[in-house]
Amino acid sequence: MKHNTFNKITAVLMAVVMLATGCLLSACGGDKNYAANNTEFVIGMSGPLTGGAAIYGVAVKNSAQMAVDEINAAGGLNGVMFKLVATDDMHDATKVATNYANLYENGMQVSLGTVTTKPGLEWKNLSVDDNVFFLTPSASGDAIPANANGFQMCFADGNQGKVAADYINQNFAGKTIGVFYKSDDPYSAGIYQQFKANLSSSVTTVEAVFTDANTTDFSTQIDTLKDCEFIFMPIYYQPASIFMLQAKDKVAANAVYYGCDGLDGIASAEGFDINSIPQEVSMLSHFDSNATTGAAKEYIDKYVAKYGADTLNQFGASAYDCVYAIYNAMKAAYEADNSSISVTMSASELCEVLKAQFNGSFSYSGVTGQNISWDSTGYVQKTAIRYVVKPAASNEN
Amino acid sequence: MDFITTLINGLSLGGIYAMIALGYTMVYGIAKMLNFAHGDIIMVGGYTIFVVLGLSGNPILATVAAIIVCVVLGVTIEKIAYKPLRGASPLAVLITAIGVSYLLQSLAQIIFGSAQKIVIVADMGTVTLGSVSISVSTLVTLGCTVLVMVVLTLFVKFTKTGRAMVAVSEDRGAAQLMGINVNRIITITFAIGSALAALAGLFYLMKSPGLTTTLGAMPGIKAFTAAVIGGIGSVPGAMLGGILLGVVECISYKITAIAPYTDAIEFSILIIILLVKPTGFLGKKRREKV
Amino acid sequence: MAEYVLETKNLGISFGGLKAAQNVNISIEKGEIYGLIGPNGAGKTTIFNLLTGVYKPTTGTFMLNGENLTGLSEQAINRKGIARTFQNIRLFNNMSVIRNVMVGLHNNPEFKCTAIESMFRLPRHFASEKAMRERAKEILRIFDLEEERNNLACNLPYGKQRKLEIARALATSPKLLLLDEPAAGMNPNETAELMDTVRLIRDKFDVTVLLIEHDLKFVVGLCNRVTVLNFGTVLAQESVAEALSNPAVVEAYIGK
Amino acid sequence: MIRGKNIKWKDFINYAVIAVVTIIFGSLSVTGNLASSTQFLLEKMSIAILMAISLSLVVGFLGELSLGHAGFMCVGAYLGGKVAAVLAQSMGNSIVTLILSVLVGGAVAAVCGVVIGLPALRLKGDYLAIVTLAFGEIVKSIFQNTSFESFGGTLGLSTPRYDKKVLFIIGFVLVIICLAVIQNLIRSKHGRAITAIRDNEIAAKAMGINVTKYKLLAFTVSACFAGIGGVLYSWSNYTVQSSNFGYNYSIEILVMVVLGGMGNINGGILAATLITYLNTTLATVLTGDLAVLQNLVYALILIVIVIYNNSPALKSFRERYNLKALLHKIKLVKHDPMRVKDDEAVWDRVPTKIAMDEILSVDTKVRTSVAEKGDPYESEGED
């Protein structure tokens, strides 16, 4: 018995001692500069390269790579090249910590954060710990840039909700509109809450929700919304396409669907013929994938030539801008003081430089907007457009 | 009128649940195992329809193909994964079934990718009865479910094979002694269950055209819940449970205040029913022989 | 009035319309070895199931040493002092022989030790474990199973499995031991040996025995009194010799 | 020396190995020589091991299938995380905050264990499995629909993160505590009672084992440690999102338990370590559609192992070619298939002859007793 207990007591004691030493010493241990041996500037990112949200992750990765290639072809930053390292998080927050640590330990100096919001919340805090800068193309959660070294290229959810509410306040005062959102999704519920908060009391809403477990049969929800002439749907394009198909004969043909950036990609969804939907499909966006002029057109042509139209969406456009914005900011800092940027500088040093730029007078013009700037939190300041993906069908129906 | 529409929606969703639940309940009654992979057979049926419809454009052909593929798959799974475990602890069989479910899902993902596919089986439009407008596919679903159930009940009651199935589910050993080929009956059961799953896949796609590799997962769990609520092993119980669950789901989604809690409500109903009536509504009590 | 260990009054149960047992009145004196016989399907095991709480009687009561145990759960009845063996052996097959017996000792107040004490290995855990192991060995020694104590129960030969089941039941320190066909499947030598064992445990463990057995030689050799059941009702209740010469009993067994 | 010669170093090797690993990595970590990716990996491992050991108690030893283990973890993660978040405002990320959150998370999860253990008294096998599954989904759904102020709603609860240099050490200390409690429980009269219930519930009842009490005990202890695993999770992540605690995660834990061998705690620990390692490294190696291969491989492993271990047809094959026999052949251990260790219960020969009906049947008897006697938990308290 003594022997027996002794073993366990020792084990526990050892553990306790370890624990105590651990607590005492945890303050020590310097932060290493993993970028000390870099020969290129390393940009990291994490996104859903596989799984249900892969269309976003792949678009971001392709576009960012395209931007990096262009920058490198043009000589990089003072001859130093850039490198993009993309990791797959499958839209799963639990995979982010590993992705982040691997990237960081392999010399990541600056990042595009994550593609989606859920994993982004994890990334945000991790990069606060190490003081790493991120400019996310599409993680639109309100909390993403708050109290972090982060900036968004996309509109924050709250902002989208507010813009959508403003639009509806102006155009539908005194009328009834429908709202269709996914109650267990931070993106959808986040926009909805801000939307609701900013909606004028003169507008009445009819609401229908769905959850993760119910993404195929929307007959009840359609029944609720069928008399609405304007349906606000801050959801992703997959359920939206199913909703529209199921609802096409039930909702009035002159009704209007209005979504946020998640609706992007609906026109190219596999097997989905958007023209079979009689209703108008529109969305709040900073990018028009049917653009025929300007920077957007140039981007679309390059992207489609390289990767095809399947993954063409605003997420990619936004990522393309992110890489250029980071490049421009680094370049601006370098031109102001050429000792401020070096290829072996730590992520933390680069973060300070970039933060100074983004919080300063730096502005950027690109595919998703002109004179884009950022407020002190990190929210983007640019014009939103209500972009009609597909106009209502002529009255043959 | 709203209520009537909701009720009809609920009935047609419930009909699909019932059809899946029938597969669960028959397999459970006869093979005494919980075929967790049953939901994924629906998914396989869905993808078969997707492929054949893409090749031929003929929905009838696609349905027939889906039924054949699902039957072959169901029987193969039974032979490879479940048969070696006949007589082993039910826990082992259940875990294997979970493994098969995962296997089917990941195979489908490798073959078809994870992006959602849109499959429009047949565009049938809507009909308006008074102030209620219902899509034809809902009515077809409802009609077919009723038909399938009637046929199945008659089959079980009046055919030799059907009666043999009842005998096997009552007492496998005695049935075997009576000269019934138990293995054959189990195979037939899996075949029928899988064919029903293929039909359920068809109706699912008719109702809602989105197809993903996890198509069968939630309906599978819900249908199993329905089977348990109705009393697992009981054919009318599966119908009752499925329709109850479908109606509850639709009503709950209709009421904005509780809509986000719909899943919780459905599962709570399951727990409450099991607490009040541990064998479900129509389940038989089994006395343990001591 | 005599002191009865077990006393049933109008005990009966029906499953739906089937009256599996009816108006069963048995009174067993302390230290007695009492037989319960009858043809197949007469309701003998049903009586056992009633007495051990597996079934709840629909009519009547039964008392152990004057205490009414009707309606208690199986575990409660066991703790009050009725232990049993099963017709189709129910050992803990995946446990060693000694562990089977130690499960029987579980509720013995001598080896009291709460789950918390075990989880955190407080001193009483070690004391009670050691004492239980010793006691289990003692019991196994009586049944000549000590050698096999580390074998898996399912690996024992049939006769030893029956013995182990009795040993396990005795480990719960019962006042009344119910043996359901203890000699089934045994050869004559084993049966004879078992008869000695049953007498031995009656004396050594100070226990009263109620047994079901088809082997009438076994019953005649052990029991003073028997109850004969047929179709759930008591056919005769008397001394063994009288019962066996009772024409009704003979008719029930071998037909008219 | 109570058990005398019975003390085997083998019984304690798992503590020793975990302790040594923790000491090695711990000392590397606190001196700043351990990469954070390794720290994260170790944190995940400690959580996975906690989950696997705790589930093992219910599945491996009690023999009931729980498909809602992640639900208990979810409760622990949210409640413990909330306590941590609130306390951290005044006390900082101190060890005291952590201990308090662990206690609260574990206790609340244990209460849930009692709540879900109650149906366990009346339901068996598949019915119980579906109830636990339903429980997991209900918990998920409830936390998803909480307000932002209370538990973060859909965004998830923001929780403080413990210093990553030390967190995995704490994690492994919790693993050792959990291991000690569960292993001690199993190797005691109470563990015998639990395994007896699994082996033959009717006989266990006839031996006076309070089946109700022990099922409840197993569920509660298991849920408590799952809750503690959840609290650990909340400390190792900045956000607790209920969608991560779904049915799929419950299955992953179950795979660990099954892969390790039912009722084999050390096997479970190894499997948990291995799967976590593969999950994190495969995720960086396999990209694109290859990542799905991972699930495919899990599924195959699961099917093959279960069939191999349980198929009645393979029984003789199994007895001839198993690890023990192999080791015996090369004279590493003494192996006699007939004999088992003193307090060992053998699960790789899980009953093959018990009639299916018997196991599958729903216990209707307890129900009548509840109906007749009111509360069954009061009248039959042991002791």
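We call the chains A, B, C and D, going by the order they appear; numbering starts again at 1 in every chain.
FYI, contacts are C-beta pairs under 8 Å (C-beta built on N, C-alpha and C of every residue); 3 or more make two chains touch, one makes a residue touch a chain.
All values reported here derive from a predicted model rather than from experimental measurement.
C-beta contact counts were set side by side for C-D and A-B; C-D has more. Distance from the centre of chain B peaks at C, each centre being the average of the chain's Cα atoms.
Chain geometry summary: the mean Cα position of chain A and that of chain B are 38 Å apart. Here the spacing of chain A and chain D, counted between their Cα centres, is 36 Å.
Distance between chain B and chain D, defined via averaged C-alpha coordinates, is recorded as 31 Å. Residue positions of chain A touching 2 or more other chains: 1, 4, 8, 50, 183-184, 211, 213. Shown for chain D are the residues in touch with two or more other chains, namely 2-3, 137, 141, 144-145, 202, 289, 292, 350-351, 365. Listed for chain B are residues 114, 260, 263, 287, 290, each touching two or more other chains.
The touching residues of chain A, when paired with chain D in their complex, are 1-4, 7-8, 11-12, 14-16, 18-19, 21-23, 25-26, 28-30, 32, 49-50, 87-88, 90, 92-95, 97-99, 101-102, 104-105, 117-118, 121-122, 124-126, 129, 141, 143, 183-186, 188-190, 193, 211-213. Chain B meets chain A in the complex at residues 2, 5-6, 9-10, 12-13, 114-120, 125-126, 133, 135, 138, 204, 207-210, 212, 215, 218-219, 222, 249-250, 253-254, 256, 259-260, 262-263. Remark: chain D residues 1-3, 7, 12, 15-16, 19, 22-23, 26-27, 29-33, 35-37, 39-41, 44, 95, 137, 141, 144-145, 148, 153-156, 158, 161, 163, 165-166, 169-170, 172-173, 176-177, 180, 236-239, 241, 243-244, 280, 283-284, 287-289, 291-292 touch chain A in the complex. Contacts from chain A toward chain B in the complex involve residues 50-52, 54-55, 183-184, 207-211, 213-221, 223-224, 238-239, 241-242, 245-246, 249-250, 269-272.
Contact residues on chain B toward chain D in their complex (touch as defined above): 28, 32, 34, 81, 84-92, 94-96, 98-103, 105-107, 109-110, 113-114, 172, 221, 224-225, 228, 232, 260-261, 263-264, 267-268, 270-271, 274-275, 278-279, 283, 285-290.
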